[in-house]
Amino acid sequence: MTVNIFYALSVVAVLSALMVVFTKKPVNSVLFLIVTLFCIAGHYILLNAQFLAAVHVIVYAGAIMVLFLYVIMMLNLTEVLQVNKPDLLRIAAVVSGGILLIVLVGSLKGLDTVASGGVDSTQSGLIERLGYMLYRDYLLPFELSSILFLTAMVGAVMIAKSDEKIIN
Amino acid sequence: MNTLIVLVSLGVIALLSELLNFKKVLFPITCAGLVVATGLSMYDWNSNAYVYNRMLYIDNFAIVMTSLICGLSVLWFCFSKKYLERDTYTTDKFALILFALTGAAVMVSYNNFCMLFLGVEILSLSMYILAGSDKKSLAGNEAALKYFIIGSFATGFLLLGIALIYGVTGTFHLDTMMMYIQAHQTDLPQLFKVGILLILVAMAFKASVVPFHYWAPDVYTGSPTLVTAFMATVVKTVAIVALFRLFVIGFGDAYDVWLTPVIIMSMLTMLVGNLIATYQNQVKRMLAYSSIAHAGYLLIAIVAMNQYSTGAVFYYTMTYSIASLLAFGIVYLLKDNIESVGVEEFNGLSKRSPFLAFGMTVAMLSLAGIPPIAGFFAKYFLFSAALKEEYYALVIVAIIASLIGIYYYFKVIIAIYFKESKEAQVAEVNTTNKALIGLCIILLIGLSVIPEVFLRLRF
Amino acid sequence: MLIILLTVLLLVGSIVVAAGKAGHAKRVALVFASAGLVISLIMLFQFRSGAEAQFVTSIPWVPSLNIHFHLAADGISLLLVLLTTTLTPLIIYSSFNKQIARANVFYSLILFMQMALVGVFTAMDGFLFYVFWELALIPIYFICLLWGGDGRARITFKFFLYTMVGSLFMLAALIILYLHTPNQSFAIDQLYQAHNTLSPTLQHGVFWGLFLAFAVKMPIFPFHTWQPDTYTNAPTQGSMLLSAIMLKMGVYGMIRWLLPTVPFGMDAYAGFAAILAVIGIVYASCIALAQVDFKRLIAYSSLAHVGLMAAGVLSQTEHGVIGAVMQMLSHGIVVFALFFAADVFINRTGSSALNALGGIRTSAPLFATSFLIVILGSIALPLTSGFPGEFLLLSGIFQFNIILAVFAGLTVILGAVYMLRAYQKACLGERRVGAGEFRDITGVEKTVFVIVAVCILALGIFPKPILDLAGPSVRRLLEISSQ
Amino acid sequence: MRYLISLIPVLPLAGFLILAFVGKRLNKVSAGVIACGTVFSAFILSLIVFMNANGNPTFENGMTITLFDWISVGSFRATFSFLIDPLSLVFLLVITGVGFLIHLYSVGYMKEDEGYNRYFSYLNLFIFFMTLLVLGNNFLLMFVGWEGVGFCSYLLIGFWFKNSAYNDAAVKAFVMNRIGDLGFLLGIILIFITFGSIEYASVFAQAGQMQPGGFVIIAITLLLFLGAIGKSAQIPLYTWLPDAMAGPTPVSALIHAATMVTAGIYMIARTNILYTMAPLTLQIIAGIGIATALLGATIGLVQNDIKKVLAYSTVSQLGLMFLALGVGAYNAAVFHVVTHAFFKALLFLGAGSVIHALHGEQDIRRMGGLRKLMPVTWLAFLIASIAISGIPPFAGFFSKDEILMHVYASNPMLWVLAVLCSVLTAFYVFRLFFLTFSGEYRGDPATIGHLHKTPMSMSGPLIVLAVLSAVGGLIGIPELFSGGNLLGQFLSPVFGQSALHLHLPALSHEVEYVLIGISVVVALLAVLFAMYLYAYRKEVSVTESSALRPVHNFVYHKYYVDELYQTLITKPLQWLGDKTYRILELKVVDGVVEWIGRFVVMCGKSLRLIQNGESGIYLLAMVVAIIVLIVTANF
Amino acid sequence: MDNLAQTMQGIPLEYYLWLSVILFSIGVMGVLLRRNIIIVFMCIELMLNSVNLLLAAFGAYRDDTNGQVFVFFVMAVSAAEVAVGLAILVMIYRNTKSVDIDELSKLKW
């Protein structure tokens, strides 16, 4: 059962990921990306990381993708049609993407060293453990990510603001 | 570790100063704060401690590097005071630089990939923004965009590498990883090797190592001169140190995997950087290629990885940064124009402003590695580190590259002293800047008199 | 202690002159340079004959790498210091007739260069040697760049880069030696022991690294192509510094830093290097035959002479090395005077092209006579300074390889051909129509020429003190190398 | 005594220094007095030394006076020391004696010249170096004098420096000498390497113990002989000597006839023991000597310049001396040096008077009939001509005879050639004599009216030399004529060691008489033939006869040797220099350097094109790099 | 709760690895292929997400929470990046009225 779900989610994820790359309109890309993201969320659930799945959906689908859509709408990019790169480059892009895939897959051996932990103690995805870890072991990164956001916020405001209206 | 707090607080203070209206005193506060941060970081000397749940490892090397970047930032701020206070967003720029420094401080003392990742991102985000901080400039826009796209692309690879390594070792801590490597020295899984290489790639990107350097010339050229200066000095230093740290306290024993690629990258970087620079007529772009080349030299220290290496990296980054800062500073003083500063701007500088001319000469000589300027000692330490480990081919390539390097550094010197200037106007320099340039010159010459002090720092 | 005093004095002089007014610069510079001469003369009198280095000053500089600020002088060093301190005041004095733009910088650079040269000749620490070596390059580069002739930027840059090629490889070679010393030290005695643990292959590498640096500096064929252009193009004082003193850095370097350090390297390649040097002699002499510009002629003759010195040093014989020392002094004086003569030509006629001269003897007998003495020194007529050196050099090379000596000996013939022909073209024959009267030398020029002529003859007739001074040191170096 | 000996070279040096430094302020009289006085004093000193030396055993073995150490390195030691022994004394007397006479002669000859003081300073310097050459007690000091006289010769040949041809001749002389000097120098080095010393005493002592004919000794002697070839104008380095006639005539007399050019003979005589040990070298010397003698004599037959004839005569006579050396007759060679100095100097001085009188005319075709106008010169010239022709009892007869004897003893074929040479000599000298003095004047009548008078200072030396030429042979009258051969006995200590090894075959008196008879008769015949041909000629055509024209031309142009050297050596050298510079230096050696530079810049230029500004390309390149990295690391 | 147990029995870890790598490669391909800056951004997001998935899978199969915690930070970073990136995009659009990545290739050589 779950295996089938896995396959289904994977197929959809890959297909819609491809559509992200290949659709002409940016809006469609965004929508396909959202589909992919949902599929990934599904995988998280399969992996017993429900909290992660929830956060994932909220952050990505709820925030990031909305941001994308917002920008597209704001700049009125819906009508912008795809301008293709030169054919040679496009072929090169696809080929190198493919080769990268092959190379990575081919070289990703040695998974046997990954210990398959006890099947019973599947507690890793629980909120309790997550929270405990995040606020104790990962306190510093956690705080630092606030700096990160502060940076992004200050920066985004500074850059995206239109200067014309501001006269000191 | 207290340094981090100080830096963050300074950033926040900078943001608050806009609201609370003490923008005027922000500059002294920042400088003072940075000095305090330097002092605080020195306070932990010889502690060699893991802090914050082994997120950071404060060894002496981390401490001196933290102090170095704080010190460099003070110099940078002094050079940039006018630039920062010139138009709007003064406080934002202060804050961004200070946050970037926070990221930098993390990157030089991380013990956990999480910290590396966050540090890189904080630093990079600030830089993306600062690169485009001159919003009207198309070059600036392009620089910001290129930097951003290529940077986040590299981040993807960094993450993939981290993930793969995590998959094999089950940890993000470097020290644990080291134990893992020691235990599996002979049979490292391929997954792990690929992970190391991908992280190497991502860090090489940050340090603008060939063949992942493409962004650097364009971004350096497009960004405002002083932002470029910051990138070429603090950011470059931090990237190299982060890479160095990765191999010193993390993957050192897995040298089978990374040694050959790093050697080849080092050679390529030195050669390509210097070669392309010979043909540049824009000073900023030339310095960009020069900074690429210097990354190549620094990789030699990683390759050699012996008792000389840490000292060599520290001394090299210090002298390189001071010289670069001086060069960029003079370029800025001469012509505050981000689009292009041709070498011909320096024509006849020796007559227009002997002081600037002398400063630029010292900077160029230092970058070219000509005694008795400190840059030479830096190169010397690197070469001796590599020769100690018998990397003769590497040293020969480095020598050839240095010779090529002399070619373009001297192009500037020749312009300064030999070419006639079209405009006869005297280049005015105010006292503060004079003092600053003087300080840099003294540092560059002084450091060569007392390299002992720095070698004594046992890391 | 005296050496330190000397270097500090010159450094201070350099700063004082730079900071002072341009108008006073030459006098102040002359005072400092003369003071340097006095100090070195005191050194000469205090010197106790023997092989060991004296006037030792050794201050730890980078103790953790065993780098010392170690200055000392044995016989060879002392002689070269004397050469430097004698010629520099002369060089400064020789410019007294000239109006030099930005004179304070000019003389400051000369003094700085002198300081560096003294350092090169007295450094007893490999690293320090290298630093001084490079330090000497910078002022001369700027002297040539700022006060040179047309196309100087390109030419001086070529010179600089070429020299750097050599010196960077020398740096690498020195580091390799350093890493193989018993105590990881740059002290010269330690470096002399490095070969014990150095593999033959590595010794070959070190040999070429060091040789390249010295070969470029001297220069030895085929690393010489920077030289004629630079000599021709540099301001006269620059050419003097380059050829009279700086060139000796290469020969000196070979004697002190190449000969005793890598015995295997010497065994394997000294012959080959000597062949290069000898090829250079014949090659440069042939080219000198075809030169029409006097400065360029000096350049090529200098190339030939220095080839002989190099071959002598590479012969690793007592005669060869002492001959090289002797010849360094002689060549220093002679080539200085030759350039000064070229300067006289240029002052009078605006060019140093031989075809534009002729018949100078008629109106300037004093100059012609002095010039002839200088030329005799150059072609090593007995009883002039060139002869003892040349004889010993040939003897040394002969002991090393007879065929090489025969070819090296061609310099005796060819040197006479091109030098006398130059003399003939410049001074003899009829004065060229429309060339105007050639004023005889007076004042400064006369003084300089008299001093030079006296030196040339004195060294030729009484070379013994010099040979005695250099002898023990040379023997010691050869002993070390033959261990 | 020691001081006196040291003074011999010092006096001319002092003269030189005085003339060089204060020459400008001195008038011609005082300059002449200083110059002649110093040389005369030196001559007197030499005489005093000679008086003391005769029969004094310390002198016979050589007496050394050390002044100071010159060059000493390790075991190598070259001192400034003088050696007085019979050989050096003989030469010293000739040099200072003839030198003084020529100085005296010059006072008159150079009177009108503006470079009068300069001339005498050079001449004094020459005497200094010449005495140094013969006095030195080691090879290096001899070399000092050797090069020094060469240099003075350079100065004096080019004395009239405004004339380019003269300067060319001067340079040619110096350079050709230098070629020989290189051999000499290398020889000295080889001597040092072989014997560990360069002092005569020590070298000769060791050489006497050596195996004759060894490779090293042959090499040494050949190298030294190369020096002699250059200095003494032997084949193939003789061409400078005729050109050297560009100098003032007294200079030709002193340097290029009497003294300097015989330095080569001195050197070989001095090192006779070395040569004795190298029979092969001796044979080579004999061969070159006779070849040069014939060559010089034949060229001398057809030259028309009075000084050129004498110059080739000198070449020829020097060849004869080398022939003597080559057959081991060192004694005879030295003897001939002495007599040759007398009569050749006389010939030159006589020629000088003629030239002086005729306002610089040197072509004998435009002379003639001067006997009445210049009787003293005529007589002197006649005596000298007889002497050089080897007609008894004049000086040349005895010395030449001694040589011929030894040559015959060694190889009769050589003797035939030598006699042929002496016949030729007699012929060309008398051709010269008759064309100059007999018949009628053929030159510009204007000149003959204003003939320069020969002053006393010029005729005096002529007379003295004429006397010497006439009776000079008495110092070496051979046993045959119941003479004691004074010179031979005097010199015997010097050649004693060689004599032990050489074993010269002795000729019976009958054979000697026959040989002398033959040589004297053929010489007389030659004189008569010359008289018949030239004595009463009114016109002298350029060519002798049509049948002989090509041969004549060939000989007249000195066998085209100068041209040959020009094409084979000088031109190619010039060409080589030019091409080396233009092609090898500029295009190849420097070209490579420049090319490397350009290559680097080109690399920079093309490499930067990768950086084409498009992010897409950058990213693609990065991905490719990553792929390559992973692939190479894993597979 | 049994999801995981079942998954781990049925689906080898390799599958997740492959899936992540496929998504990552598609992301890379997209970045290389498209000229529209927004889509390039999205492709980068795709790359990051694929890594997230990999991290989560490793964490789960190792029964280690670290992996998931790391995913949170990656999310944070990608959110910040998107913010900055889009800000840059807006700025550029304002200046050039274009979102074509290749329009901006003035800085070169």
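Here the chain labels run A, B, C, D and E in written order, and each chain numbers its own residues starting at 1.
Note that a contact is a pair of C-beta atoms (placed from the backbone, for glycine too) under 8 Å apart; a residue touches a chain by one contact, two chains touch by 3 or more.
This structure is a prediction, so every number in the text was calculated from the model and none was measured.
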Count of contact steps on the shortest path from chain C to chain D: 1
Chain hops separating chain D from chain B, counting only touching neighbours: 1
Farthest-lying chain, centroid of Cα atoms versus that of chain E: D
Centroid-based (C-alpha) most distant chain relative to chain C: A
Of A-E and D-E, pair with higher C-beta contact tally: A-E
By mean Cα position, the chain sitting nearest the middle: C
Whole-Å separation of chain centres (CA-atom averages), chain B against chain C: 42
Computed distance of Cα centres, chain D from chain A, in Å: 103
Where chain B and chain E are represented by their mean Cα positions, the distance between them in whole Å: 28
Whole-Å separation of chain centres (CA-atom averages), chain A against chain B: 31
Residues of chain A touching at least two other chains: 85, 89, 92-93, 96-97, 100, 104, 107-108, 111, 114-115, 137-138, 141, 145, 148, 151-152, 155-157, 159
For chain E, residues that touch 2 or more chains besides their own: 17, 24, 27-28, 31-32, 35, 41, 58-59, 62, 64, 66-67, 69, 73, 77, 80-81, 84, 87-89, 91, 101-102, 104-108
Numbers and ranges of chain C residues touching at least 2 other chains: none
Inter-chain touch pairs (all): A-B, A-D, A-E, B-C, B-D, B-E, C-D, D-E
Residue ranges of chain D in contact with chain C within the complex: 68-74, 76, 140, 143-144, 147-148, 151, 154, 158, 161-164, 167-168, 171, 174-175, 178-179, 181-182, 185-186, 189-190, 192-193, 573-574, 576-578, 580-582, 584-585, 589-590, 593, 597
Touch list for chain D against partner chain A, complex: 616-617, 620, 623-624, 626-627, 630-631, 634-635
Residue ranges of chain D touching chain E (in the complex, touch as defined): 608-609, 611-616, 619-620, 623
Chain B residues within the chain E interface of the complex: 113-114, 117-118, 121, 125, 128-129, 132, 135-136, 138-139, 141-146, 148-149, 152-153, 155-156, 159-160, 162-164, 166-167, 170-172, 217-218, 221-222
Complex contact set, residues of chain B against chain C: 365, 370-372, 376, 380, 383-384, 387-388, 392, 395-396, 399, 402-403, 406-407, 410, 414, 417-419, 451-452, 455-456
